[in-house]
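You will see chain A twice below: alongside chain B first, and alongside chain C after that.
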Partner chain A sequence: MIENFIAGSSALFGDPFTLAIFFFGVIGGMLFGAIPGVSMLTLAAILLPFTSDLSPAQGVMLFAVIYCTGTYGGAITAILFNIPGAPENAPTAFDGYPMTKQGKSGKAVGAAVLCSAIGGVASALVMMAATQPLATWAIRNIGPPEIFALVFFGLAVASSVGGRTIWKGWLSVLLGLLIATIGQDPVGGINRFNFGFADLAAGIAFVPAILGFFAVSEIFVQAEKRATGTFNAPKVGMSFPTLFELWAQKIAVLRSILVGFFCGILPGIGATLAAFMGYGEAVRWSKDKESFGKGNIEGVISSETANNAATGAAMIPLLALGLPGGALTAMMVAVFQMHDLEPGPLVFYNSPDLIWVVFAAMFYANLSILFVGILETKTILYLLKIPFQFLAPLILLLASIGAYIGRGLVLDVMVMFLAGIIGFLLRRSGYSIPGIVLGIILGKIGEQNFAQGMQMVHYDIVAYLSRPICSLLILAGVLTLGVGVYQALRAPAKKA
Partner chain B sequence: MGKLTKSHMIETAVWLLIAVIFFGFTFEFNQPIEIYIFGATGWPRVVIGLMLIVTFGNFYHHLKYGSTTQAGRVGIADDDEVGSYDNLAAVIKVLAVLGTPFLFALSLKPVGFYFATPFFIALIIVIFGERRWKWILCITALIYGLLLGLFMVVLNAPLPQGNTSPFYDYSALILRLNNDLQQLW
Partner chain C sequence: MKLTKIISVTALSSMMALSVSVANAFECKVKNASMAKPNGFPDRALTMIVPYGPAGGSGQIAAAMAEAVTELTGVSINRDHKSGGSGTVGMTAYMAAPTDGYTVLEHIDDASSAHALDSSKPHPGRDLIPLVTAQVTFSQIYIRSNETRYSDWPSFVKWVKAQDGKATIANVSKEGSMERVTMKFITDASNMSIQQISFDKGAPRYGALLGGQVDALYEQPGDVRKFLDSGDFKPILTIFNERPGVFADVPTHKEMGMDFEPLLRFRGFYVHKDAPADRVEWLKWAFQRGYCQDSYQKFNESKFMTVIDSYRDTEGSIELINATIPQYRAVYKQMGLDVK
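Showing the complex of A and B:
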């Protein structure tokens, strides 16, 4: 492994053009992740056509680096503006934004920088050491029933955070699942809920929906607060977390690395569910559950460690099985295909140089989060000083461009603004926007894997539940759901 | 009626309406799939059924506890800290913020991004309360320049050009200038 890593590093640092692409990916991912309204997906969508001019190793490496640094970059906007740069940063906003309002933005961003780097580096190391054995284990033990069970567990966790009651949490998730059913059904390709719009046959693209629910609804909320006189400008806090504060969270970091890595290696799951589950587990094991959502640094640490831990792990199903774990890894498949390559087990034998350049680049990209991220943080915190009336049109326009670029449809811009209005109304009534977004992202994956799983076991529910990992995850989901409903029916409510 | 308010009833009615409308539309694609016994309607109908059950749970919570937060919930936004809407200007301002982006989106097809954007920027700045016209002009020009620089000059991203004259001609002019600029290096 060491020799391969050194060979990958030499290929990366030995060629100035490859190195330039690496730095472009590092800076571009962080920048696009940290600009409110656009995300790493916007950058990746724009760059995709240009990768045909690069070598396969350079193209895949560029997207892998953007994936690592963009996942971290999205935390910045989640913390400073309550606008997650990507869905995987949504749980970061639960505690990151309250910290900003308390003048602790520096501490929150500092924790995000350090924990993203730790999670990412740990994940990259495990990825390098264990891609092949883990892929073999995953092939043997993880099938559609297990993936559906994990989606169910993840949705149960998502419903238990964010909404004002368990009912609102579940309604948010179910709305997301219903939105995900728009477009062709994943088994028979039959058009569903297109309401007479031909463009809806391809479904609701999740980038415009996410931008609408997160970025546009936040602008509307801020506008309302200004109009009704309840706007409190966030304070700029430049103090970073102390080493003692970070050391106190070592268990949370370790737990989130494990959660993130487990979610990441499962095909189709990716970093978003990892972040939610990392956050959910932090709440579950905490002695001070009530402090979550009010500015607990452990919330930021758990979410950011888990989502970056999932980035390296997400490369395992992609490279070993050819199965992408999310939108950006799906674009990497497109990069492979542009160069007449297919990701899968053979790529390790046919193109080992490509694999190790990508592995080395991901390792260094996660390390660079620490150094470039700290430098970036010192400047980006000043974004809070820009008057919101000047920032708002910029965010709305960047979001419009981000929504339009994916498919080149004006309809997507309209969907984004509609999602913004729906998100604005739902947020005011105590619903969970991250829950809706997770429902949209996991809806199709859940349905597809449920259908495949049912076909696999010939619709025998006992055979379905006799698979140990599957039954464990379903049980965990049912328990999470049961505890939530019990609390809703029995526990006394507190004032809003 | 317990602690129910008018807004709780509207909220429940909206969820029921969503469930009924979507359930009604499932009959449009209620076709069997040979390889899958639950067909294309199975999953959406389960989601709609669950939505109905949860809507009743939500209604029960409102009936018993009103708008109070369930104990033990985490990660709840403080978006319900809304001030008074007694003032008509506040209502108009919020409606303008909600409506202007839609107008912008609607204008993208006929007018195009390049022409509509500066007006949109200036309008949003004004709606958000800025009245110093020099600042409005300067910030509008700055944001417009930044967006064109990044997405048109650096990234060559395809943006809507509009399909009616003279807006389309304006977009063509901007793109030609960009092309000339690219030729310089």
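Showing the complex of A and C:
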């Protein structure tokens, strides 16, 4: 492995043009990830035709680098403006933005930079060491029943995040799950709640919903505070987290690496589930669950470590089996095909040089997040000094572009504003915005896998639960739910 | 290297040789290498609405055809992916777009099956003008190459029957889909019952077979070529009236006693019927000649789309669509679906 890694590094650094492509990918991924309204997918789609003029190793390496740094880039706007650059950065906003409001933006961004780098480097190392056996294990042991059980396990703690009471937390999650059922059902293709509108047949897209619930509702909340004279501009906090603060989070980082890696390795799942699961596990194991959603640095750390840990892991099924884990890895398949190559087992036999250049580039791209990210952060934090009356319309404009650009549908912009209004009203009443978003995202993934899993076991619940990993996760989820309900019932009694 | 892989690589070489021979035999049916632009049309970039994501089969053919047409004419084509709702979101957006010829549509046979189920949906041969059908392919049933419980279609059917309805096959079995309709034909004709598991994305679908989560897979050969090349999958049934050369050792459904007309997967390009006639003629030339471009032919070859004739001009496309719709409608009624 070491010799191959050195060979890959030499090929990367030995050719100035390859190195230039690497840096272009690092900077481009970060910028497109950080600018609301566009994403790393936008950059990848623009670059795709040009990769035919690159060597196969350069083309695939460029996309792999964009994947690593783009996944991190969206954290910046999530923390500073409550605008997640992509769905996988949404949990970062749960605690990152409250930290900004408390004047701790530097600490939040610093933690995101460092933990994205740690998560990414760790997963790149595991990817280099054990791509083929891990990919084979994952597809043999993890099917739709296990993925549903994983989602159920994650949702079981969702009620603890951000709601005034656990019951309001649960109602928020249930609202999210209900919204997730809009559109064609994921297995039979039957229309639900689309009221005859063809555009709603595709359901509520993640990005407009996230932008509405987070960014637009926040603008409304801040505007109300200005109108009532209670507005306080967020303080620009330039102090980064101390080594001691970060060392105290070592368990959260390790846990999120494992969670992120596990989610990333599953074909078709990718970084979004990883970030939500990483965040959920941080809440589950915390002694101070109620601090989440209110500015707990562990929330930022867990989400950002997990989503970057998923990047290396998502390359495993892609490279070893030809199974992409998400939209960007699916585009990488197109890059392979443009060069008459197919990702999959034969690529290790036919193009080992390509594989190791990509592995090395991903390793260094994740490391570069640390250095480039810190430099970028020092400048981007000053954006918070823009007065609210200028910043708010700018955010609304960028959010509107971001909602529209994905599918080019006005409906998505309307959904965003509607979500903003609903989010604003629900926040006033103590409901949980993170809970709603968790419900929307995990609901779609969970429903599809539950339906597929039930079909696989012929609707026999005993057969469903006889799968060991599935039953273990469901049992753990039920226990978590039971403990949560017990604690909620006991809380008023204690007060009395 | 494992023996199966060596065999598969050998098989791949022979497949490639055959594919190349087909490609060499390719003759462009559009003789005019150029065509004057009618009144300067198009004087700006075209927009192509694609009702599916950029990474899937539709996204890839849209990119390949856009590149070929641009190479040929110098006119840029911007692809606008409006995915969701099994193609209905993109179709609805297209029908609301200006009918000046600057906006074209990529769509697949789902447009025909959607109209068969609900006649208020656009008829791709009447409400739209097909510019070219650029991919026509057949489906196959695949198993893992290292499968020990069955090895060919007869042993698979025998094994499925013994499972009493508990065997599984991965496909895209949404209501009214080509896959579900064909599986009904197959299960009725074979007198067997098999549980269909619907995966809307390719990766989890192929992963389900690779990992042993399901017992078989229904798919088109171009989509699983990498697994055929690597020796992981093997076809046991071809759903086509004759054995294509590269799958000469795989029996067809008719040979296995199933007497139904196969439904084909086809992807093509359309323009609105109200577009100006002279512009439509130019677009027909550009897309039909674009099919002949080397870059497009190379793309189709890589997708196993030269195994059978993938090309249909406007008339051929309308014929294909008009043959497909009644076939779907009849089986929908048989399945008890609410045909409107």
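As a working rule, the second predicted complex is superposed on the first by the 344 of 496 C-alpha atoms of A that agree within 3 Å, B and C clash if a C-alpha of one lies under 4 Å from a C-alpha of the other, contacts with A are read in each partner's own complex, and residues count from 1 in each chain.
Everything that follows uses one rule, which is that a residue touches a chain if its C-beta (ideal position, glycine included) is under 8 Å from a C-beta of that chain, and two chains touch if they have at least 3 such contacts.
No experiment lies behind these values; they were computed from the predicted model shown.
**Q** If you stack the two complexes on chain A, which partner ends up touching A:188: first (chain B), second (chain C), both, or neither?
**A** A:188 contacts both chain B and chain C.
**Q** With both complexes overlaid on chain A, does A:430 touch chain B (first), chain C (second), both or neither?
**A** first
**Q** Would you sort A:214 into first (chain B), second (chain C), both or neither based on which partner it touches?
**A** neither
**Q** Looking at the overlay, does A:279 come into contact with chain B only (first), chain C only (second), both, or neither?
**A** A:279 sits against chain B, while chain C stays out of touch.
**Q** Touching A:262 in the superposition: chain B (first), chain C (second), both, neither?
**A** neither
**Q** Can A:48 be said to touch chain B (first), chain C (second), both, or neither?
**A** It touches chain C, and chain B stays clear.
**Q** By the touch definition at the top of the document, which applies to A:199: first (chain B), second (chain C), both, or neither?
**A** second
**Q** Using the superposition described at the top, determine whether chain B or chain C touches more residues of chain A.
**A** B
**Q** After lining up the shared chain so the two structures overlap, which partner does A:331 touch, if you call chain B first and chain C second: first, second, both or neither?
**A** In the superposition, A:331 contacts chain C only.
**Q** Check whether A:455 is in contact with chain B, with chain C, with both or with neither, and answer first, second, both or neither.
**A** After superposing on A, A:455 lies in contact with both chain B and chain C.
**Q** Under the contact definition given at the top, report the residues of chain A touching chain B in one complex and chain C in the other.
**A** Looking at chain A, the two contact sets intersect at 187-188, 190-191, 408, 451, 455.
**Q** Would you tell me which residues of chain C are touching chain A in their complex?
**A** Against chain A, the touching part of chain C is residues 1, 5, 9, 53-56, 60, 63, 67, 80-86, 88-89, 91-93, 165-166, 168, 173-177, 195-201, 203-204, 206-208, 210-214, 225-227, 229-230, 232, 302.
**Q** Please name which positions on chain A make contact with chain B in the complex.
**A** 46, 82, 91, 94-95, 98, 161-171, 174-175, 177-178, 181, 185, 187-188, 190-193, 195, 216, 219-221, 223-230, 279, 283, 289-290, 292-293, 299, 387-390, 392-394, 396-398, 400-401, 404-405, 408, 410, 413-414, 416-417, 420-421, 424, 427-430, 432-434, 447, 450-451, 454-455, 459, 485, 487-488, 491-496
**Q** For chain B, which residues count as touching chain A in their complex?
**A** Going through chain B, the ones touching chain A are 7, 11, 15, 18, 22, 25-26, 29, 31, 33-40, 43-44, 47-48, 50-51, 54-55, 57-58, 61, 65, 67-85, 87, 89-90, 93-94, 97-98, 101-102, 104-106, 108-109, 113, 117, 120-121, 124-125, 127-130, 139, 143, 146-147, 151, 155, 157-160.
**Q** Can you check the complex and tell me which residues of chain A touch chain C?
**A** Interface residues on chain A, with respect to chain C: 45, 48-49, 138-144, 183-184, 186-191, 198-199, 201-203, 267-268, 317, 321-325, 327, 330-331, 333-334, 337, 340, 342-346, 349, 407-409, 448, 451-452, 455-456, 458.
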